[in-house]
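In order of appearance the chains are A, B and C, and numbering begins at 1 in each one.
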Amino acid sequence: MSVAAHAGHAPGGVQAELLRWSPSLRIGMALLALIVAAGVFAPWLTPYDPLRQDYGAALLPPGAAHWFGTDSLGRDIFTRALFAIRTDLVIGFWTTYLPMLVGVLLGAWAGLKRGLFDAVLMRVIDTALAFPFLVLIIVILAILGPGTQNIYIAVFLVGWTMYARLARAEMLVEAGKDYVLAARTLGYPAWRILLRHALPNIVNSSIVFSMSDFVLNILLVSGLSFLGLGVPPPVPEWGAMVAEGKDFMQQAWWISTLPGFMIVLTGVALALVGDGLTHRLGDRHVTGH
Amino acid sequence: MSPATEGAPPLLQVRDLEVAFRVRGGEVLASRGVSLEVRAGETLGLVGESGSGKSVLCRAVLRLLPQPAAQVRVGQVLFDGADLLALPERRMRQVRGTDIAMVFQNPMTSLSPVWPIGDQLTEGLRVHRGLSRAAAREQGIALMRATGIPEPERRYDDHPWQWSGGMLQRAVIAMAMACKPRLLLADEPTTALDVTIQEQILALLADLQEASGMAMVLVSHDIGVVAETCDRIAVMYAGTVVETGPAAAVLGNPRHPYTLGLLRSSPGVDRAGRRLDPIPGQPPDLADPAPGCPFAERCALASAQCRENPVRLEDRAPGHASACLFPERMS
Amino acid sequence: MWVLRFVASRLLQAVPVLLGVTLVAFLAIHLVPGDPVRIMLQGRASDAAVAEIHARLGMDKPLLVQYARFVGNALTGDLGTSIIQRAPVAAIVWERLVPSVFLLAYATLLSVLMAVPLAVWAAARRQRLADHLIRLSGTVAFAMPSFWIGLILILGFGLTLKWFPIAGFGKGFGGHVHHLFLPALTIALFLAPLLIQSLRAAMLDAMTAEHVEVARAKGLSESRVLFKYVLRAAAIPVITILAVNIGWLISGSVVVESVFSVAGLGMLLVHAVSTRDYPVIQGLTVVFALLVLGVNLLADLAHALIDRRVRP
């Protein structure tokens, strides 16, 4: 560790950079790459169709032909679990990073400019945070109706607030520092100070938070689908798959349990990456040039 | 220094103590072969810039260095002839507070904010001496009175945030004195306080020492503070003792250029009318120590010889030693 | 006496948020595309019946008047009427409140019981095997969806071992404790990792405080230092963490109530959404927010009890 950390300062290219990755970052990245690859190449990895029903092959236990067994409609669970990577990971990604983009910009702007905009924004954020996250999203879905598109809207409407609050708090600290004051005395416009000087310094905490937010959003989307408020059937989705097996727990445990493992695996991969990033980004501060 | 203890074996004897801290990308030698002695009943002043290893030394004596970051490599810490470094943790706990006590730099953070002052002050009495709460309270109030805290009965149950820094330091000193230690380590006990309060606290420590006959190590970065109260002085630089001897000899006839530098840069010592000369340069990087004298880079007297080999502490006069190749060139 | 002043000042500070909360609840019915009454009645009612319900709910009045009435009614404890269940929303919600609060308190207790010893252990053995294992299992537990843990607990402890019932609220305190054990454990398994992580960090932070070193210098045993000085100082961040995560805790309970068929607020919400019972959704929106704000107030109070400095 100590030797590698020192060697990393010398220009050593990709290899030196990889050496500086902590074990958790390395394992997490490898796991994540594997999951993404499995999602991308799903049609070539399995001979089955994720949607085709085959009542002759219903409720088969895990075996050589069906690694994860089949569900009550005779669909291959392994195939559906692979295709569900596309559903869950994609929804999880966008429901994390679109709100982050908007939230960080709004929060940083509020922290830099203060005034009425800041006051109004803070009231909105306080109100949103007064609700349990899931309850607010369910209420929004009750207004909009269920469906994949409305999940994006609902999570977006709630999700940006956390990032805005985080970025605002960081910006308040940053705004008092000399380099921001210097930029101000030089008469730079506020957006330039924000984007070029302050943003590189305040975005780290949001990036670190986004990794666990990513996990929570996957849990959220699968939870909504489990409750029947999310991704509509027959689209393969992990939470919905767990829900489908709920009534067969005793005779066919595999329907619910095995798709759940995929959620855990993905979540652990993301959490490990987040852990690794915390150590890498946490100690360092970028100077605003 | 009382003549009665002159020939007796020292109460505390530190021999060749080496302490290393593991840090990102290597290690730092915070203490490299420190040796010093404290005799029963005397006051030793330990001076040096911040980072010279004074606090590390105190913590090493009490074995309070952060684990596993700090490692005591070699050396001995003999207290009353027994090596503290070799004691089992249980025995060491009994030494802390009863035989050796410590007063820390910042009184505002030395007490937990959530417990009453009296409770923390008398905790040692209850733990080590097995006193009941009522008996401990009685003694605690007496201790508070002895350290000059007014209205101790009423203030016993106060919380630390209700008190001023000076008053808190009195409480911390009372806490250290609770079990009548034979050695008190005072680590910059006045640094965090106002100048007027500093004098009072130093006077209090001197009074308590005289009354109890305990030995004391007074750590300070300010040679003026040490000059007033100490029998002997040890000067530390970059993790080593560079000069040690009777206070009068070290202050009046320094035998190491660093001691001389400290004296010239301190307004506290009696040198009215003289210009203050700061020591040029920076302390060396402890992560990458040079083989020779650590002060060589900042020293006007240094020659090539100084940079090649370690310079040993050697006697210049009875009881007065310095680690310099040219002690006679001090003007 | 400070308690009353403390609570009063906090309530005053909460007024803008409460206005925002009622606004969101109010809009929950008015932002629905189309006519919410027709959606609720699913096209089975005549135009006259729809108009009659509109009038009864006051939906023929201007929006601002409706909002004022909504807030005014809510202040007197009237949360409207469910057309579908033909009952006052307040009564429906009240009936469901007890199981939910019981479950939340139970889950919090379980997670604290799990988290405190593990966090103390991890902090005391930091950067050693126990610490790494505890952190790793925390990462895994954090990634486990609660509905999935719930089903696995049902399969293991309910259906296979038959130690615990897998549904319902049970009768009497003992019955509640027995019936809600698995649901509470499910929530606790999701909450405990968060607690462990922050408690461990808070303890490591507290361990480096100077007063802890002073305590060690007094010759106190490591366990006394840990429990009297470190844990006490770390308790404040933990209470804050619990309060901050109350939203997540309730979110988790919504899902878990559905898994274990506990007739609480969460199950009511999911049911109300699927039957498009808008007045109940409205009422629940307010009640859930009040729960969150109430817990935060309690946490602030507890903080003031432990650390006298924050008292007014």
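Throughout what follows, contacts are C-beta pairs under 8 Å (C-beta built on N, C-alpha and C of every residue); 3 or more make two chains touch, one makes a residue touch a chain.
Computed from a predicted structure; not experimentally measured.
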From chain A, the most remote chain by mean C-alpha position: B
Most contacted chain pair (by C-beta pair count): A-C
Centroid spacing, where centroids are CA-atom means, of chain A and chain C in whole angstrom: 23
Separation of mean Cα positions, chain B and chain A [Å, integer]: 53
Residues of chain C defined as touching chain B within the complex: 127, 208-221, 224, 228-229, 232-233, 306-309
Complex contacts: residues of chain B adjacent to chain C: 62, 64, 66, 68, 93-98, 101-102, 104-106, 109-115, 120, 123-124, 127-128, 159, 161, 172, 175
Of chain A, residues touching chain C in the complex: 123-124, 126-127, 129-136, 138-139, 141-144, 212, 215, 219, 222-223, 226-229, 239, 242-243, 245-246, 249-250, 253, 256-257, 260, 263-268, 270-272, 275
Of all residues in chain C, those that touch chain A in their complex: 16-17, 20-21, 23-24, 27-28, 31-33, 139-140, 142-148, 151-152, 154-155, 159, 246-252, 254-255, 258-259, 269-270, 272-274, 276, 278, 281, 284-285, 288-289, 291-293
